[in-house]
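For reference, the structure is listed below as structure tokens.
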């Protein structure tokens, strides 16, 4: 087994394990922290795949922004482990069964759907440097329109967040 | 004079009636309906041979605005446009709340029903067919009588039930379209369907028509709706709307699925005749006058249906005659029930009686209607009943014997009703004899009954070519 | 492309207008602007323009649905003034969100690249989450927002998974390229899994059974205008986008797909209609009715080559009727906090015009001629028959019958029951929108060739 | 650097991604705490992102990675709006247990 | 000229009807009654002219008005036929009709619906003329149903009394049962021969062979005749029909309408000749009816009821004759019966009139002295009906019995028994009514009086006719046979050669009649017996008095079950059918309710459903290939 495989398996184990712990932890703060670890391990995968820029962005956005938002909210609401009631056993069992079923189905169908030739042709082309990414993302012949369009998405999220939290001045 | 004008007049009439306001609504409606009647008479007078009017409407799917004007259609149109003024006139001398909507709906219904009789494209026909359901639904719901909750229940049952049936007809039409690529009646007639297809098409049509006509055991909506609906609604339903179903059987069901018709004929004959007997027997013990008349209607249309499904010239012709006759008489009878209701404020037969003593004119006219209803010779009904029974006897005498029981049972329940309603000791409640309006209305109906009872030939001559035409498609 | 820019620009303009204190002109101006957009779409039909790496494609399908969507938005904005009369300070937010949402919708029906589709659907979804929860002090609204958000985000994950798999199978996000690869049969086997996952995501968006559970709750809890928007604009968009994807990618699916589509369609119709029967809340009832309509619209997916026009027609018929109905509901239920059937008692006497409009709208939904809903069903049934799906048509017919039951419950309540509510004011805009929507519906019904004119 | 996919194989990434996605689904199903459910959804999105990157490498194509940016933007926007909704619910109900949200039903 | 005359004689009663119904109320009784009588008189005069014409040259005439009903294979014309048979019938219909109209002017005096009575009577005559003169079966059927209608109207003339209305209804419905038979017969004939014209049928059938369908048709037509002419099993309406005013009973239920069955069978003799087994049935039914009715008549106490059963009995005798193919004899008896039975009824009417409506013989007696004319005419008629020579009944009845004797001895015995009983109950009636002491109330006694001239005049005329009527078919030199010969020539000749057997038979009949009279005399004149009150009756008497409980039997076996069935249908089947329809609604509604429970608001559940949906679809598509 090569180092890369070892690395991959370790990273995968961490990713899955922490993801599971993030879900399983009673305390939301623990969950958040486990999730951060999971995100870092995903970033590790990105690095393994030589997508450095993406790994960086991933850490900044997920661990930096999104998780902070989560933590901030958790703390704002002052949630701790007592906040959640004792979980009844039935949903756990059902969810567990479904987990097995879903995972089983997904794994089965993906195993079934293996491409006939797993030949991976490394052309040696540069396709994931920042330069190339920038080109693809911002060029008129690339993803410029979606990129701009994403601004509407963020704008709408912003307006929405404001709308949902803004106190209303009832007098017209 | 084109049939399209008649449709136009009725539609425009409906709109105008709504706009002129409550005070003038009835008069405007009457005027328009009379004009439509006049046009129809002209149309019938000028009709020398079958005519088809076809305009393209929708390209995909190919749907035409197509009308077929032949003797049969015009006869039914005549029934419609003749009864509508009478029905409108029947409200004269009585306050109708929200009159403009009421009369507009009546004319709208007349429009839809006329369209149904004329339409020569499946979808157009279906549209008119459905459209006619909406006004009567509102008329029954809003101007009806009796307990509101029960009325709602009855009316909605009626609507859903008939709608359900007709949707299957729609499905059949769509299937036919996928076969023929057009729904023009001529194309459908020309269609060569396999036996199995015909059976399914026939069954789908049958569901729609059996509910509309109604044949037993699909009749359960009828009595309740007749009872709950205002008299005008009942008249529209029993006088014209039932005939839509019967007419459609002749026009659409039989020629499109002739082999299936032949195959099912004995069963359908028995069903129709079972309706005759069942309806008559149920009518015997009815306590509500309108319900009794409803069941009598059930019995009569059972016989008509048997005539139609006999697939003989005589049967169909007799059925058409009987449709016209029944339309006239049943309108008269329901109006008579209304006349009684106006004075006694009840429809319970038990609470009536002794009217003859106080209102001889009314009694005489009512008697004529009763006699026509039981098919006494010289009345219009006899002609139809005779022809239908004759045609049944041609197929097998047993049909005629069983169907003929209507003569006995019909006389039984009608005379029993007449006795309980009109005769006996003077009722404690006063009963003023009929007013001018009422008298004129009943008089016109009675006159028409006798006139056509003697001169049915003028109608049969009129409809014969179209029936023969349809029969050639069946055979 | 220009259309998207124009609409987004209009949205920004609305925000600017708020800043410069021209609140009063927001709605008129945005309506005018949308009319301009409508004109633009019509003028540009058939002309070519820069597609920016095929992000936005111009075809008759997209144009037709764009016209429909913009028209629907105009009608919905027409209702906004009255609906948000107690939220004047937030009106710019509401209007701009709606405009941005519209841009998302347009992106969804005209996309050429899955990136645009994904962003479009997320814009639509996020805007809807916000709008659903927009009554921040109303727990029902919050709950609706939350439910929609959780389930919607979940569905987005699945959708994204699907897109990813398609990318994995074909190496492209471009619809044309993917279609070409699919048709050439060179795609990897993940493709079909991806298509199915996208389909599941879209089935969720159109609220087809068994992914429909959110719809009634969300429709009920959301502010009425948002419900109107969801049941018309959002649903039309979702079904159109779904159809676009489906017709591009469903060449290679196993035969069982047809059974599944048929099954989902039947299930949706039946569940929607049966559940609607016993509802007391009108919005909830219409939600279930929407589920059944989704089932009807799925019939178009069995025959993707020719069904575009039927689908468009059905969607247009359904949406116009829906807007007309919701206009009345908004009026009747304003300031009431709920939309119980009882509110509609006696409407036929107090507000005959509104009652008639609602009745006609319900007739259209029930598929009673001469309203557009009838022809819509007719076309779909016709195609299904031609395709040989007779059982489906029969189930559809039975469902049409059931649907009459609850539509008529409302109609009966309006015309027979005694009114127990006092209503003052006859807001012009509500009447105008209701009448216009109904007239559109009627026009569609009397002139069903419209789809041909739009090139479908 | 050599491309690791030659060693690891795309199939492994797909399975990893599928498993992670399943865990996300499990979380959504299992937990009643809305925030954790959000997190589960984030896990699902991340699983997909990972797969996108893997496919990107598989196809030697930058589009997949570019798409991840959009995915991240969407995730961020969703979280922002979701948390805003959550906060307003928390203000109204005092809890973020979704089992408390059963007013709309039937 | 004759055509116009024929039309006038048909239309005149109709015009009389219309005038009376529309303006009768406004003019006084005299005028109203005169109009009614005049209308019939016009018809009568017209008939006489036609009759005289026809008697001399035997030229039948057909008046066609227009085509009425068209079927695929034939058209039915609205036309009338004046031949020997119809004109003969018209003679006594209009003749007796005129007399009874005249009688009614006085009898109905003071009735509030006086004008209607005449209107109905006129209408009846109109329909009777239609029945008789119709040139095809359907026109005859118009009259057939029309007279039934008038009978209904007139039986229920005093409509305040629901018992009368019941009787009227019963008559109508019983008749309708027969009518259905008639109609079916018409259908069969129409189908067989593509015509329902009498002429056409006759041409088609003459010399033909009998067949299964012909017999069926004959049976059906006979059922029709049973209904109209009150034969077993459809006879029960006739006694009840006595609820009507007495002139009605005389005209409709004795002289004219009830003979329609005999008319029809005579009209269609060519058909029945082809169906001998049906003729047998007719004979048997006729014989049995005559006997049964006669036995019932023995115990009746209502004066009109006695006459009613006597009518049924006499009609039975006529059918007996018909059954043997002796059409002209049946016709002969119809005519004589019309005379004496009309006279009897009118006489009873006169009595009832004098008794102020009392009809129970137990309350009468001794009227002979007060009502001389009535008594004498009544006596003559009674002698006639009892078959005592030289009164008319003797000849006709004797002919019938002779025919019976030649064909079927058993039926001859039955017929003779019936005749003896007839004599007995007629004289029982006579003695109870006119002899001994008056048994009514004092007030009735005080008002007893002979009826006015308008009543007695018809009585006298009829009594004269009843006396001499037998001459028209005097044995051996029958004018009637000669007259009807062109019509019935193909049938067997029944002009009996008067041999020893015949004289013996005659003697037997006369002796039988005398025995009956003597028995009655002994019991009711000498012993002065008065029948016991209703509640004291026992045994056979009670059974017979209650008409063998036939009515009750019909009620229990037909009317009741139909009503029970109706109730069952109304309350059970209708509800059941309805609940099936509603069942679908409840089913879907119930499913909706269950579904609502499923939609419990929990996001967790929704997500579960979502995931299960995903799993199902994925599994179906990619695993379960």
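To keep things simple, chains are lettered A, B, C, D and E as they appear, and every chain counts its residues starting from 1.
Definition applied: contacts are C-beta pairs under 8 Å (C-beta built on N, C-alpha and C of every residue); 3 or more make two chains touch, one makes a residue touch a chain.
Keep in mind it's a predicted model, so treat the numbers as computed, not measured.
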item	value
Third chains touching both chain E and chain A	C, D
From chain B, the most remote chain by mean C-alpha position	A
Pair of chains joined by the greatest number of C-beta pairs in contact	A-D
Of all other chains, the one whose Cα centre sits farthest from chain D	E
Distance from the mean Cα position of chain C to that of chain A, given in whole angstrom	30
Between chain C and chain E, centroid-to-centroid distance (C-alpha), Å	78
Interchain centroid distance [CA atoms averaged], chain A/chain D, Å	5
Rounded Å distance, chain B centre to chain D centre (Cα mean)	66
Junction residues of chain D, two or more chains touched	10, 14, 21, 24-25, 28-29, 32, 38, 54, 58, 61, 63, 66, 70, 74, 77-78, 81, 84-86, 88, 98, 101, 103-106
Multi-partner residues of chain C (each touching 2 or more other chains)	115, 119, 122, 126, 129-130, 133, 136, 145-147, 150, 154, 190, 193, 216-217, 279, 405
Two or more partner chains touched - positions in chain B	160
Contact pairs between chains, per stated definition	A-C, A-D, A-E, B-C, B-E, C-D, C-E, D-E
Contact set on chain D toward chain E in their complex	25, 28-29, 32, 98-99, 101-106
Complex interface listing, chain E residues touching chain B	21, 66-72, 78, 116, 138, 141-142, 144-146, 149, 152, 156, 159-160, 162, 165-166, 169, 172-173, 176-177, 179-180, 183-184, 187-188, 190-191, 216, 562-563, 565-567, 569-570, 573-574, 577-578, 581-582, 585
Complex contacts: residues of chain E adjacent to chain C	585, 588-589, 591-593, 595-596, 599, 601, 603, 605-607, 609-610, 612-614, 617-618, 620-622, 624-625
Chain C-touching residues of chain B, taken from the complex the two chains share	58-61, 123, 126-127, 130-131, 133-134, 138, 141-142, 148, 151-152, 155-156, 159-160, 163-164, 167-168, 170-171, 174-175, 177-178
Interface residues, chain B side, partner chain E - complex	157, 160-161, 216-217, 219-221, 223, 278, 281-286, 312-314, 317, 354, 356-357, 360, 364, 371, 376-378, 383, 386-387, 389-391, 393-394, 397, 400-401, 404-405, 407-409, 411-412, 415-416, 419, 422-426, 454-457, 460-461, 464
